[in-house]
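A, B, C, D, E, F, G, H, I and J are the chain letters, set down in written order, and residue numbers restart from 1 in every chain.
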Amino acid sequence: MAQAFKVASSTSPYADLPPICTALFEAKANKGLTFDQIGKAVGADEMWVASMFYGQAKLDPEQLEKLAEILDLPAANLKAEVGSHWWPSRAAVCEVPPRDPVLYRLFEGVLVYGQPIKALIHEKFGDGIMSMIDCKILVGKKPDPKGDRVVLTFDGKFLPYAKW
Amino acid sequence: MAQAFKVASSTSPYADLPPICTALFEAKANKGLTFDQIGKAVGADEMWVASMFYGQAKLDPEQLEKLAEILDLPAANLKAEVGSHWWPSRAAVCEVPPRDPVLYRLFEGVLVYGQPIKALIHEKFGDGIMSMIDCKILVGKKPDPKGDRVVLTFDGKFLPYAKW
Amino acid sequence: MAQAFKVASSTSPYADLPPICTALFEAKANKGLTFDQIGKAVGADEMWVASMFYGQAKLDPEQLEKLAEILDLPAANLKAEVGSHWWPSRAAVCEVPPRDPVLYRLFEGVLVYGQPIKALIHEKFGDGIMSMIDCKILVGKKPDPKGDRVVLTFDGKFLPYAKW
Amino acid sequence: MAQAFKVASSTSPYADLPPICTALFEAKANKGLTFDQIGKAVGADEMWVASMFYGQAKLDPEQLEKLAEILDLPAANLKAEVGSHWWPSRAAVCEVPPRDPVLYRLFEGVLVYGQPIKALIHEKFGDGIMSMIDCKILVGKKPDPKGDRVVLTFDGKFLPYAKW
Amino acid sequence: MAQAFKVASSTSPYADLPPICTALFEAKANKGLTFDQIGKAVGADEMWVASMFYGQAKLDPEQLEKLAEILDLPAANLKAEVGSHWWPSRAAVCEVPPRDPVLYRLFEGVLVYGQPIKALIHEKFGDGIMSMIDCKILVGKKPDPKGDRVVLTFDGKFLPYAKW
Amino acid sequence: MAQAFKVASSTSPYADLPPICTALFEAKANKGLTFDQIGKAVGADEMWVASMFYGQAKLDPEQLEKLAEILDLPAANLKAEVGSHWWPSRAAVCEVPPRDPVLYRLFEGVLVYGQPIKALIHEKFGDGIMSMIDCKILVGKKPDPKGDRVVLTFDGKFLPYAKW
Amino acid sequence: MAQAFKVASSTSPYADLPPICTALFEAKANKGLTFDQIGKAVGADEMWVASMFYGQAKLDPEQLEKLAEILDLPAANLKAEVGSHWWPSRAAVCEVPPRDPVLYRLFEGVLVYGQPIKALIHEKFGDGIMSMIDCKILVGKKPDPKGDRVVLTFDGKFLPYAKW
Amino acid sequence: MAQAFKVASSTSPYADLPPICTALFEAKANKGLTFDQIGKAVGADEMWVASMFYGQAKLDPEQLEKLAEILDLPAANLKAEVGSHWWPSRAAVCEVPPRDPVLYRLFEGVLVYGQPIKALIHEKFGDGIMSMIDCKILVGKKPDPKGDRVVLTFDGKFLPYAKW
Amino acid sequence: MAQAFKVASSTSPYADLPPICTALFEAKANKGLTFDQIGKAVGADEMWVASMFYGQAKLDPEQLEKLAEILDLPAANLKAEVGSHWWPSRAAVCEVPPRDPVLYRLFEGVLVYGQPIKALIHEKFGDGIMSMIDCKILVGKKPDPKGDRVVLTFDGKFLPYAKW
Amino acid sequence: MAQAFKVASSTSPYADLPPICTALFEAKANKGLTFDQIGKAVGADEMWVASMFYGQAKLDPEQLEKLAEILDLPAANLKAEVGSHWWPSRAAVCEVPPRDPVLYRLFEGVLVYGQPIKALIHEKFGDGIMSMIDCKILVGKKPDPKGDRVVLTFDGKFLPYAKW
């Protein structure tokens, strides 16, 4: 196999992740699988699986076994590093402010439209927030003759402020 | 009118906006209008109108006239302050990192899910970004017996990196 | 009244609050009322009332009327500034990191004990967070011969991470 | 033992702790013990033990011996690394501001409610602070049909400002 | 004149400029002049004139007189505020990092392409820099059927490092 | 070969790049090739190639093969590290603000001339930005008896703000 | 009185203090009193009085009356602004890091000698801190033929960490 | 020797010090010596010796020999690493702002009392500073029935500003 | 007088200085005096006088009288604002890092040459610093056919570290 | 040779320099040479040579050979690491703001005297800067009975702003 893909485990963000994550990325590349294909095998959305690869989400033991199977990695290794005893250090792989242009555009979305989004949430729901914990994030592709479009959806529960 | 609503023009974010914006917010409150109602009158999405109230978007002269009409404000004043000669200082009303919990949750969405979103965009579209310039943002409300949900959508054009 | 108490409205944090807040603090001082007394009149915990004085919480119109009554302030003024159209800009009156020693100690509590608190929450509840939106905060005083103790309680709902 | 749990010693926060701490976390996971069980064996609250695992608290030699015993680790190793000659570098494992959502919510609690907490402490105790040195922190679980609740308590001595 | 354009002198960046600058922007808008038209009248490139409006460049007394003439402002006022005794506080009107998307893209150009630009300058010129003092900046418009293009040129003297 | 050039792979920016990049820089130096010569062999501008060396651009597989050929490196290694599965972490090798004088001068160009550039773009194109994604950057050398000049050109598509 | 001393109330740190503080500084200068003389009149150390002038300490009503007397200011004004209802916003008048050389040297003392001071406190007292709440600070002058010396003393209670 | 004390040389602050410093700390712990005992052997105050252990002070060759003797380390090793050719990188082992509570309290002392200390120095000495170079720092222990006290003294030369 | 020069007292750095400083700058401009001429009248170097104008140095009463005389300002006003009771808030008018190119170049001098300057000072003088308190700064002009040169000299006393 | 001097290559600033620099410092120490002696051998000022040791300046191949000769190092190694293909990453070894007291004093010189230096440069030369590229820095020692003085000179070309 002339083209055994590798990721640079000593560079960001891989150096900040459990070492098994490097193996996950390399196995995915060498198998030629998409996150969607892995997600279907694992029983989770592609976004949740991608989040797990970046140390941002936790799979349960059954999912880890399916993940091991489709990627031909030893399930024991996966459980040893990111099993039931492991908890994500969320947000650790995104600096503030992000410099990479893909990440920055998302961040700019908050900078520019954050206040009006807040105003609309208040107007429609009252005093509270959109949860980022009970929130599903979806990345879609919408064909468009003028250039395909990314459709990024945050579907989060509204949480009203408790009063006491 | 016992309850003429006011906004504190000397506090953030109003102090950083053209003074007419304070008048816009007060007129909206006193008229009891929603951004959606104003948007329909102006011929723009509620989000675009809310963005304009926060100095993040520019309306054309016809829209300013309709805005003046529905809010009972002199059109000349609107054109004088945020007319054709005016350009938004975008992102000026959101600090980095945002501290308000509503804004912070959006920001946290980028921190936690930014890298996996980037991975999915690359996987589906190739080397490029989701534009935040040719991007429509929509705030929807989805009823749910376990608690209503905010559905926030970014619908942005994919821009491939030019090569030369 | 030789001792009409005043607060310095041009200094922090008052300058960053709706102007009516200065009036609230001055009326409270001149009436010689505690937050607990005001809270009982308004029908809310002393902590929620204190939060409202600092622009961190929203009272409903009935509560504003009771507040106006006990403080001898015109209810219309309160509703005009912090009424139904107003939404808190939360966290705006606490810098990062806080410098005042009282605030810093709370912050230090997070710095020193944050990771072990996270570990215990994960161990007892699973992958999720303690909500700071559906959370009640209480400040108690516990007499102790070696020196009275502050008992500060955060009683927040556990929110498990959604999976999809 | 197919599932020998490991922690990624080269990643945060483990890389910033005495190496023995990695061994502590791995032994705890492999033994399947809770902090509460370890605490009872050591003669300390679960929170104090968890703090010690994260390098935020110091155990005395007798406690280290009991800790070694329950975790099947050589007591000499524990004393060599975190024995009487060692002092915690407190707060070293929490960045400012914290990005992980669990930690951030605690931090947000200070940002939003810090000023009113300060106001209530002053009102009830006078000019001084709640000590974060003579302070006990407890993490409780309160069952609730609408969702279990985390009850986080800071029980700290009030320290009045000395005058001279 | 129903539409006397105004700029919000109390907001950024106008509040940080000599007050006469607000008058310059308003006169330009009300006269309906472009920077190019003003530049031709003053005898300077449009970019140099725009820089002067933002307090980033200094005009000599003859240029100030021509500027006063074309904008119908008293020359004495211009000389009094930004005359021979005045020196620009350069870079004062751009925060670091810039948040406005137009400014941020320029900044991103440095972030992404800075190192390769440095490599090419070294390869072609040797050890030194491109001067930002003896540097002309030009903004051109290049029509393109796929969307017009901005052509931004920095034409700066190469300065070799002195050795001693 | 007495003078086998080396780059310090453990220092910035090489330590933050895929390891193959160190090999690229060393091969270039030992072959005595310019970026222009490599660019011509690869079929890309010297700037694009230099960007790739610094991890800021992606070459397609055919270009990687040509790059391997001219630098006498195994093509498989290049594809394994920076092949189709790899995506640039753009902007990772430039700190904010940059300290190196060459980089700083570019940055200063944004600080000093950013606002006037924005004003001219708005005046000539309307509400939008110069794309840094669909943007070609060129570094030229212009002989000048008073000292050669660097001509740095950003040729980027104008992107008007979408409205909705 | 040709030389009525004034302090610039619109500049730092006076602008961040209750307005009465400006009056205190001016009265002190015009009376030609030292902090020591004022302290003796008030019944407090010169350091405590100076701290109060900078909004860093609280005097009780009797002390405010004596302060008013020696400075010829109306006691009612003092009590109205910094009376029993007022609490210091401590640390608000010192930026981080301090830039003024006098303040910076103190700060440098912490930077350079902080770790060894911590080591000595641990060695002599055990696990705990020197309180900055129950701490007296004294500024002395020690004549020395080679140049007088400042003797700055922090006399603070040792607080051992609570264990639970 | 069951209890050979070790320090974690890969963690802060040891990783930032010359490697010999780790050996110094371990030898001190294993010998059971205090800084005071070492200081007496070396002919320097305990504070100066502790500072040297943290890379903040320089010993002369004779002192290094005595240090080697009392700690049973090869003098040649000490001279090789921290001998006459070595100069301290002062302040490198204290972050800004410090997070460890012991260090933070010292820092808070500057934040809260810095301005009044400056005022007293000016009042007593004139325009100048307390030197942190010609300054002796002493850490004393003062027994007190209500709790022992740390007495920290900075004894620094007053340096008047030169005028020219 | 058609050209009464003014400085924008509401902008940086004037807004951060005692108001009398604005008057000083305007009087200097209107009189057409150089700092050297003023310095000779006052009996101080031009640099010391310029420093005083920017609130960075203190003149004694005799010098203030001479300053008042040459600038035709009331001496009483000068003494009232920056007389014997006033002490400079040094460094308050230079941000970190400075953005203005003139200031930045000085700062860059420290960034680039700071470590070698430190090495040379240590080599020539031993362990200590160049005082910035007992330091004279001189700005000279050296004609040069290739372009005049600025000769900036810091002449500061070497201060050896005290040992104890 | 009992005293082979070493520098801690894993600590700052050595870890950020090409590895050969560690060898340079060690060879210099072991040879007992001053920068001045090395400079004379190399044909450059001591300051330029010291700058090269810290990775802040580039020597040409002939100078590298002479450097190799006087330090008894293989010239090929020097050329391999810091030869013609290498370019300094200037300013990389000085943090912002610098914490070491020697470096900080230089920085403080800019903070305190930067604005008056700017004013004098403008007054004497016009609108422009003192170049830090065409600038010679000299460190001299001036004997003085009251304490020797460091004379630090920046001799830089004045660069007037280009106009276009």
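Here is the rule we go by: contacts are C-beta pairs under 8 Å (C-beta built on N, C-alpha and C of every residue); 3 or more make two chains touch, one makes a residue touch a chain.
Worth saying up front: this structure is predicted, and the values here are computed from it rather than measured.
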Mutual neighbours - chains that touch chain B and chain I alike: E, F
Label of the chain whose CA centroid is most distant from the centroid of chain D: E
Repeat of interface F-J, chosen from G-I, A-E or B-F - more than half of residue-number contact pairs shared: G-I
Label of the chain whose CA centroid is most distant from the centroid of chain F: G
Interchain centroid distance [CA atoms averaged], chain F/chain H, Å: 46
Whole-Å separation of chain centres (CA-atom averages), chain F against chain G: 54
Sites on chain H at which at least two other chains make contact: 13, 47, 90-91, 94, 96-97, 99-102, 104, 108, 111-112, 118-119, 122, 129, 131-133, 135, 157, 159
Touching pairs among all chains present in the structure: A-B, A-C, A-D, A-E, A-F, B-C, B-D, B-E, B-F, C-D, C-G, C-H, D-G, D-H, E-F, E-I, E-J, F-I, F-J, G-H, G-I, G-J, H-I, H-J, I-J
Residues of chain I defined as touching chain G within the complex: 15-19, 76, 79-81, 83, 85-86, 89-92, 94, 96, 132-133
Partner chain F, residues of chain I touching it in the complex: 97, 99, 101, 104, 108, 111-112
Partner chain F, residues of chain B touching it in the complex: 44-45, 47-48, 57-58, 87-88, 118-119, 122, 127-129, 131, 133-136, 157, 159-164
Complex contact set, residues of chain E against chain B: 2-8, 10-13, 29, 99-102, 104
For the chain F and chain E complex, residues of the former touching the latter: 13, 34-35, 46-47, 50-51, 53-54, 56, 90-91, 93-94, 96-98, 100-103, 105-125, 129-132, 135, 137, 139, 141-142, 144, 146-159
